[in-house]
Amino acid sequence: MQVTLINYTPNPELTIVAAARSSASQSTAEELWGKLSSQQIDNLFKQLLDSGHLSPFEHASFTFSIQGISRVTSHQLVRHRLASYTQQSQRYVPLKQYRYVTPPTISRQPSLLAKYQQTLESAHEFYSQMLEAGIPAEDARYIIPQAIETQLVMTMNARELLYSCSLRLCLRAQWEIVELFESIKAEVEKVAPRLGAELKPKCYPLGYCDERESCGIFPTKSELKAKEQQKD
Amino acid sequence: MQVTLINYTPNPELTIVAAARSSASQSTAEELWGKLSSQQIDNLFKQLLDSGHLSPFEHASFTFSIQGISRVTSHQLVRHRLASYTQQSQRYVPLKQYRYVTPPTISRQPSLLAKYQQTLESAHEFYSQMLEAGIPAEDARYIIPQAIETQLVMTMNARELLYSCSLRLCLRAQWEIVELFESIKAEVEKVAPRLGAELKPKCYPLGYCDERESCGIFPTKSELKAKEQQKD
Amino acid sequence: MQVTLINYTPNPELTIVAAARSSASQSTAEELWGKLSSQQIDNLFKQLLDSGHLSPFEHASFTFSIQGISRVTSHQLVRHRLASYTQQSQRYVPLKQYRYVTPPTISRQPSLLAKYQQTLESAHEFYSQMLEAGIPAEDARYIIPQAIETQLVMTMNARELLYSCSLRLCLRAQWEIVELFESIKAEVEKVAPRLGAELKPKCYPLGYCDERESCGIFPTKSELKAKEQQKD
Amino acid sequence: MQVTLINYTPNPELTIVAAARSSASQSTAEELWGKLSSQQIDNLFKQLLDSGHLSPFEHASFTFSIQGISRVTSHQLVRHRLASYTQQSQRYVPLKQYRYVTPPTISRQPSLLAKYQQTLESAHEFYSQMLEAGIPAEDARYIIPQAIETQLVMTMNARELLYSCSLRLCLRAQWEIVELFESIKAEVEKVAPRLGAELKPKCYPLGYCDERESCGIFPTKSELKAKEQQKD
């Protein structure tokens, strides 16, 4: 998996904060632009998050080139509808560079791993055989396992990054999409450290785990209640 | 493939037309509701489409249960972001009823078909073997070919039905998604015949084909120009 | 202000729950449809909310006719982008039935109220005078105060109803939009009591107030922390 | 009215074209990035538009500071839901700098103009009087005419710019919003001339006018048909 931030709104955090500030001010966003100190940006950024005033985060967008994720994961990813995707077509691009993802649980069992690799290679051979027999690529790909790698370009604004990370950095999400959003977070941190630091699973803002079973970071809501009653 | 309309906004066409009419009227939508004749609904419906005044079409929604499409097609389908999807999870539902889609181009070649079926059955056997070896379903599924069937519930409003059909009923779209939208159109026609009749590929409203090569229904834009210049 | 639910997805709560259930089941939504007892619907409905699994709530939509709100409030309302609106046009519908909204703070001061009414009436007279002088309605309306009433048709799905009520039923929102969403909630309660009961300000799910100052229902986050530290 | 492009995705046209190209290529967007000549960008840009392949245009966003539009126009503007807005609050920012928009049709009639200005000034005086009498700003503003100026920050991606300009540059739209989108187009042209040139009313791509009456640029659909029949 390789995630590269290929483009983004310059000065993303200043853009967010200046826009937000202008809504409760006589000044315009561009007047505020040059006047905000780093400390003021810190404070305003935190205030917006604490009060759940998230719409100004939409003014900064991030464009990623994502390579080497499986079609299992790309199918999950594109369910986030408040983002833009341009995905490599399996209809028009025949699978020459045949690369696939192997789950770690399978890698750890050598006998399964061997069969996994062999099954994927056979599928590719059969795929090529079908192409030679005149089957269009768009149909031959039906035989390709979901492990097959895909690449796509994704643009997401900072508000949706906060939301999708809140879901996908949760350890109850599937390992591959967790890894994807960890890479996304790492890329954002390089250019927008305040924002990057806030890309966290949902339990952090909630203060509890809302899944059936907690991974241990936070107690579930019922565990929390039990604990509080003990105190009283 | 099985597509069933399981729910929808009652009186969808009247809802659309009464809402639209109320925007240019002293009367409210509910006052107009009972007063519009079938002929008036016909006329207003046509006027809205002709003038590209499409927002009132959002007031009527349709919920479909879609079964037996491949993951190839569900991955394409969920790219339509102005709709709601609840898809069967391959993480939590182990593949017991193992059903898959076979492209007609493969069905027509008996030797390929036999190998296609055998490859899919082997993948399932290996999948089951991995489950027994303790691999979680969410990881074992990486070996499953994209032909595997999925089921989902989709809700789409009439405006987005018009748009997605304009793309997906085009014969340049992949055969399986064309078939899916033909089934969607057939279901809509039963309860909203005016709307159903308007679910057509994009060349109908455009008056020309905007793909590189036409399927023959309409000429491409450059073919059209050539024809017009001949006339002059 | 008059809010009327003029249409909605039949059996909205069953639709939501059956769709959600089908995602983790071998059964389809329509197979589950007839089998779910009222008690099961109760439980599943609550589980979805508790776990923040909100996407199935998008399968049920509600269409309201909203009359007699000011343009102050309609301008706030249409900022909720995940909904559909058809609003009465001030370009094409001249203001014959001249009705306006009076804030209670003004009603309570008789001398202000008299001047308020007189100012609004004068504006209308001047508006009519401009129409007679050949000014188009779309321009004459610039003189009309924001108190002027408007009417619109709005369709919103249950997920967005939960979200927008969480913001707009907060007593820090403006009184007129609070009143509007209280009426929306009352209409939903009649046909979908489980859903209606969940249309609540954001402090209820959060367990604290995230505004700068609390209205008293819940303590703010910092008040909550202070209280917890006292206990320890 | 003052429209300033305060931020945007750098290299917007290259971003769009590289993303689009990567979907039908073995190469990634960042590999294509440096390799595309200006001529290739021209050609690909045009191909995307001609074929209606618009989703890659979502990868480039533009953030505008918009000042000095009336609340008539801001209410129309925020109806474009695929964009992000942060608007100056009339709840929290009392109207000290009292500026309003005057329609040209009114400016041209001196007697109406005088009364228009006087009515607006009186409304402001009464507004100030209400504030002094303890009425909250959020309520006092009900008396302010819709001509009052507002300011906002808007972010819109290139696909939605194409769409909203297709509607709002049509001369049948209200003059003030036409002027707003002409300013938006002018700002975009400075940094993305290929895109700016394509921001045009809908009749240009359609080849005819779909309004009831044409402004003269293109004939209506029925006028077009009549003309074609004459030829045959």
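Every chain is named by a letter (A, B, C and D) in the order it is written, and numbering of its residues begins at 1.
The rule is simple: contacts are C-beta pairs under 8 Å (C-beta built on N, C-alpha and C of every residue); 3 or more make two chains touch, one makes a residue touch a chain.
Quick caveat: nothing in here was measured; it's all calculated off a predicted structure.
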| item | value |
| --- | --- |
| Any chain that touches subunit D and subunit A | B, C |
| Interface sides of subunit B and subunit C: same vs different residues, half threshold | same |
| Averaged-CA centre spacing for the pair subunit D and subunit C, given as whole angstrom | 27 |
| Subunit B-subunit D separation of Cα centroids, rounded to whole Å | 31 |
| Subunit A residues counted as touching two or more neighbouring chains | 85 |
| Chain contact graph, described as a line, ring, star, complete graph or other shape | complete |
| Subunit C contact footprint on subunit B (complex, rising order) | 4, 6-11, 15, 18-20, 22-26, 28-30, 33, 55-56, 58-59, 61, 63, 65, 67, 84-89, 92-93, 96-97, 151-153, 155, 157 |
| Residue ranges of subunit D in contact with subunit C within the complex | 70-72, 74-75, 78-79, 81-82, 85, 90-91, 100-103, 105-106, 109, 112, 115-116, 119-120, 122-123, 126, 129-130, 133-136, 138-148, 174 |
| Residue ranges of subunit A touching subunit C (in the complex, touch as defined) | 50-52, 202, 210-212, 221, 231-232 |
